[in-house]
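Each of the two complexes below includes chain A, the first together with chain B, the second together with chain C.
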Partner chain A sequence: MKNLFSIAALSVAGLALTGGMAGAANTGISDGVVKIGVLTDMSGVYSTLGGKGTQVAVEMAVKDFGGKVLGKPIQVIGADHQNKADIASAKAREWIDNEKVDMITGLLNSGCALAVQKLASDKKRITMNTGAASTELTNKSCTPYGIHYVYDTYALGKVTAEAVVPSGGKSWFFLTADYAFGHSLEQNTTKFVTKLGGKVVGSVRHPLSTADFSSYLLQAQSSGAQIIGLANAGGDTINAIKQAREFGIDKKGQKLVGLLIFDTDIKSLGLKVAQGMQFTSGFYWDRDNATRDFAKRYFAIHKAMPTMDQAGAYSATMNYLKAIKAAGSDDSDAVMAKLKSMNISDFFAVNGKIRADGRMVHDMYLMEVKKPSESKGEWDLLKIVKTVPADQAFMPLSESTCSLVKK
Partner chain B sequence: MDITLQTVMSQVMLGLNNGVFYAILSLGLAVIFGLLNIVNFAHGALYMLGAYVALLGFTSLGPLLGMPDFHLNYWAALIIAPLVVGALGVVIERTMLRRLYKFDHLYGLLLTFGLALIIQGVFTNFFNVSGDPYEAKPEILNGAVNLGFMMFPKYRLWVIAISLLVCFGTWYVIERTKLGSYLRAGTENPELVKAFGVNVPLMITLTYGYGVALAAFAGVLAAPIYSVSPVMGAEMIITVFAVVVIGGMGSIMGSIVTGLLLGIVEGLTKVVYAPASSTVIFLIMVVVLLVKPAGLFGRES
Partner chain C sequence: MNKTIWIMLIIIGLLAPFVVYPVFMMKLLCFALFACAFNLLLGYTGLLSFGHAAFFGSASYITGHLVKNSGLTPELGILGGTLFAALLGYLVGSLAIRRQGIYFAMVTLALAQIVYFVALKAPFTGGEDGLQGIPRGKLFGLIDLGHVYTVGGNPLGLNLYYFVFALFCLGFWIIFRTINSPFGQVLKAIRENEPRAVSLGYKVERFKLTAFVISAALAGMAGAMKSLVFQLASLTDVSWHTSGEVVLMTLLGGVGTVLGPLVGAFTVVTLQSELSSVGSWITVIIGGIFVICVLLFRHGFVGELARLLKRSL
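Let's look at the complex of A and B:
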């Protein structure tokens, strides 16, 4: 029952007036501590690209911020949702009700993310989603306290389709992870493929965490499609690509296109297998001096380079803390008002802005996997082919079905 | 997808490919259950260990020994990994399982289940859960062969061939040789066999060692196909137990044939209705348990 009496006043003041005014209505830090919860896949197919590495990034951000905000300590806790939406909800509820967690980040897996974003919003807590991809988070299921920070299926589908279709990849077959994320990625990509004059000849859905893709790949092969689109992620993408190489699918003129790929996937596949693949990413550690500085410090702790989820979690945490400082309070309404009005600009996000629907828009990148001969080190994996400006990468507000967007 | 002879044949081949893994793992379980009366839940973890011995032998053993250019190659791993894991099995049997023979099956099951969780937990802590690639596939097994109806990777053909050889070899030794008759007699009436001067406890220890070595062997075979990950065994073991139950606990031939058949059934389900492929084995298990509780090849006691 946090500040019940002031909430009505705040929601008016916080939205209508400036954040500073809202802060004046309710200053200081509730419960004497700012608590950030990292709720994500810590042990399953996605744990390498998020997992403990995301918590490491959040802890780094807290340390870099000075460990205190408005004179009160900042605490970070983490938990594994095991890719199960019920476990994710139960944990989030426990954190908010008993542990007084103020903000939840990470949230890989769209199924878990949708559940937690809704629950947190009902309890007026902020979620800064760095892991999940479904566009539903900022459309039908958008909330006043939900921020979608790093990437989404619209941007992934758009940037990749715009690179692949004009260069000859007209007919597509999808291998799709059978849950919210995969469906959303397939649907969004299909939209752009058709818009650009291509067509989708078929798709097959596989369960999350599949070891053997050979039979799905054969279906893709017999479909005769030029492009096999992988609407999955992490371990699933890795297995599908490896096995496609094994069956010689690429040698017969069919091309595999991963729609969501992380540096850690490429690391696991090896450059020999992955070379030449193009995909969309929100971040690459080796982009400029600022990203390299961060990556080097991160590597020293985590022994791996940060993925876009992990780097995004650092940036989200840092900006959340800045917003608290600027608002003079950790009250969710005041902090959200600040977050939505400030510019997000750091090593992670270029031209970043959090919109009314909760979408953080920033520049996205079309990446290409290097040839083994081009790589100069263990983590020298990718090159940036093209930078796609924020307003071209993400879904325009005019198309959003989020009820918070005034039309 | 259209159902053509070509797609059916392709899925049968892929099903057979999965089937040999089921067969070789359930065979190990059947040998252990038949002769030791232990439901070895650690089998999946030991399969995973086999793959890791091969992986680490290739990537880390050389640097560890101060010889950075030394890599344990695939062929050597196929022999060494089962030996290493088999030796671990001997230690497990001597120090732990041995104390449980006089109790109910349940205790052995709980102990091995606990072991599986510990081994898997330790590996999850140190290794990449989404898997590491095993790059030591021999050059000769690279590429694919044209079978007429599909291109089939040479490596997978090799896996099918060597697995069938090992499975039927094991069956032959246990069911048709003198050594096998000692083993079977030792489980029927250990006192009598001891009286003939056979060292029954040693025989049992080595049997467990062999059973888990089979799991490690399958792990090495699987390493180049799938990513080597700490959870690869946990994903496999549930299906394999269903196979053992369907085939009949402890039946050697039953476990081999059922493993192969269910792999193929799974493959064919993917042609007809793919989403059911992960459930079809369990559906069959339910039906078999209702109709013939001892399993397809089991003897009613």
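Let's look at the complex of A and C:
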């Protein structure tokens, strides 16, 4: 019985202690610290393009901001959601309830992102999504506290289809990752392919993080389509492209088009395999002086150039902190109002603006992989073929099905 | 076991959310009930099922679907999920109990993989994304389970916690009663010596099937609770990893003891959450602990303690 008493006594003491600290005002920084959580894939197929590198970028942004906002410290914590929506939502819930995390960023994997954005919004916390791609985040599932920062499947599908279809790629076959992201990317790209006069002859869905693509590639081959569209990302895209080369698919007249490719993917494929591929990106480190400057500093810490997810996480964090400073509070409503009213212009985003549905629109780029002879260094991988202005790259607000958009 | 221990455990359970993070505590309770249900089969009937995640996971999908898409109240959702798991248990059980030992385990695993495939492909489960945003709803249409009380500056979802705790106690009591009934005695007889039970005139198959259905239903109830706690039903719940995890929990805690699975589930879930920062090393560490347990205390934590105290726990 003695144990019982001590437990009861402890819990009563705990209540009394925490009770004394309640009742802080709504202005200024709640609970004395601004906490930013980086929740992303740190060990799986997407860990190279996001992962620890995203946390490094967020920490850099905090350091560059001065480590303090409104006189209160800024803290960064990270966790691996292992690409599982249940782990992601459990972690986010724990962060918000226990750790008092104010903003969650990263969020690679649309399945995880949708779960976390919904949960965070129910608890009035901001999510700045730099990793996931599904347009559902700013349409059917949009929330007043969710920002979709870097890219989405609409922009990827549109820019790539507009580059590929007019130059002869009329018939398409999709190799699609079987979850929210893949479905959304296939659907959006299909829309633009058919709009531009092409047609989709079929598609096949593979599970996330597939090692063996042979049966899917054989189906793609026998479909006779001119273009095999890869509606997947990260390790899956790398595996699919490598295995397609081994099958000699490209030599038989079919062309592979990666719909979502990151610099790190190209790095691991090698220029010899990837040369000539065109795809859409929201950022390239070697675009101008400002991007090169950031990339150099980032490389010194992380030993790799930043991908659009990682550079986006830096920019998102920086602008979040600026918004807190401008609002004079870390209250989610006040910060969101500031974020949606300010112009976002830095090394990452050109002509950036956060719309009512949470979509951050900015210029996108059509990229092409360099030939090995053109490359001057280890990370000299891509060239920008075309800059697509913000208002042409992203879904117009009038088409958004988000309930926050007034029509 | 004497009454004071039970009363103490219940009081600890009632006070726990003020000390431990309630969602974590509810997760512990869900897995503890799951492990207890599994133990009824492994520890008291001697049947090693390797597909119990099928009941756990399918019930969480059914409950999630009923509450989210059909707008049922949470208690009806949980009832629906539990009944579905019982029905599934009846189907799987009637096939599996025709075989013994490793073949029994293989049949349950194979059937569980079919359930996994259905969960991956069926239109209402959301495939890889899972069934998201399940509302917690109002208990009996009256009590808001999503309500959060602010106790001393900390948000505590006490309504849901006490609902889950009550269900856990109910499930645990059913298992306890089953074990200590004449029916439970027959189960133990079957575990010890099946041919002898047959020769005594017991219809062994019927007893095994009943035990299987009770175990499946309670595993389902645990899964149904989990879907309300996390507001999410996902493929993890039906995957074979979860089936393996529950075997681990039961063995670590002590197979064939009443409190063993409870202790085992608490140990494994706490380790997983405490070690989540070390990433993929978790499996190595838990595997190492498992090896040590098998080498040093073969009867699990509670089993060894019971041997030391010379009484059953």
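As a working rule, the second predicted complex is superposed on the first by the 381 of 407 C-alpha atoms of A that agree within 3 Å, B and C clash if a C-alpha of one lies under 4 Å from a C-alpha of the other, contacts with A are read in each partner's own complex, and residues count from 1 in each chain.
By our rule, contacts are C-beta pairs under 8 Å (C-beta built on N, C-alpha and C of every residue); 3 or more make two chains touch, one makes a residue touch a chain.
The model shown is predicted, which means the values in this text are computed figures rather than measured ones.
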| item | value |
| --- | --- |
| Touched partner set for A:Leu114, first chain B, second chain C, both or neither | second |
| Chain B versus chain C as contact partner of A:Ser43, first or second or both or neither | both |
| First, second, both or neither for A:Asp391, with chain B first and chain C second | neither |
| Touching partner for A:Thr264 - first (chain B), second (chain C), both, neither | first |
| Contacts of A:Asp80 with chain B and chain C, given as first, second, both or neither | second |
| First, second, both or neither for A:Pro207, with chain B first and chain C second | both |
| Which of chain B and chain C A:Asp288 touches, first, second, both or neither | neither |
| Touching partner for A:Gln219 - first (chain B), second (chain C), both, neither | first |
| Contacts of A:Asp178 with chain B and chain C, given as first, second, both or neither | both |
| On chain A, positions contacted by chain B and by chain C | 43, 178, 207 |
| Residues on chain A engaged by chain C in the complex (per definition of touch) | 1, 3-4, 7-8, 10-11, 14-23, 42-43, 79-80, 84-87, 89-91, 93-94, 97-98, 110-111, 114-115, 118-119, 178-180, 207-208 |
| Residues on chain B engaged by chain A in the complex (per definition of touch) | 1, 6-7, 10-11, 14, 17-18, 124, 128-133, 135, 143-144, 150-153, 155-156, 225-227, 229, 231-232, 235-236, 267, 270, 274-275, 277-278 |
| Touch list for chain A against partner chain B, complex | 43-49, 51, 178, 202, 204-207, 209, 211-212, 214-216, 218-219, 222-223, 234-235, 238-239, 242-243, 246-248, 264-265, 268-270, 272-273 |
| Residues of chain C that touch chain A when the two form their complex | 4, 8, 11-12, 15, 18-19, 21, 23-24, 27, 120, 127-130, 132-133, 150-155, 230-232, 234, 236-237, 276-277, 279-280 |
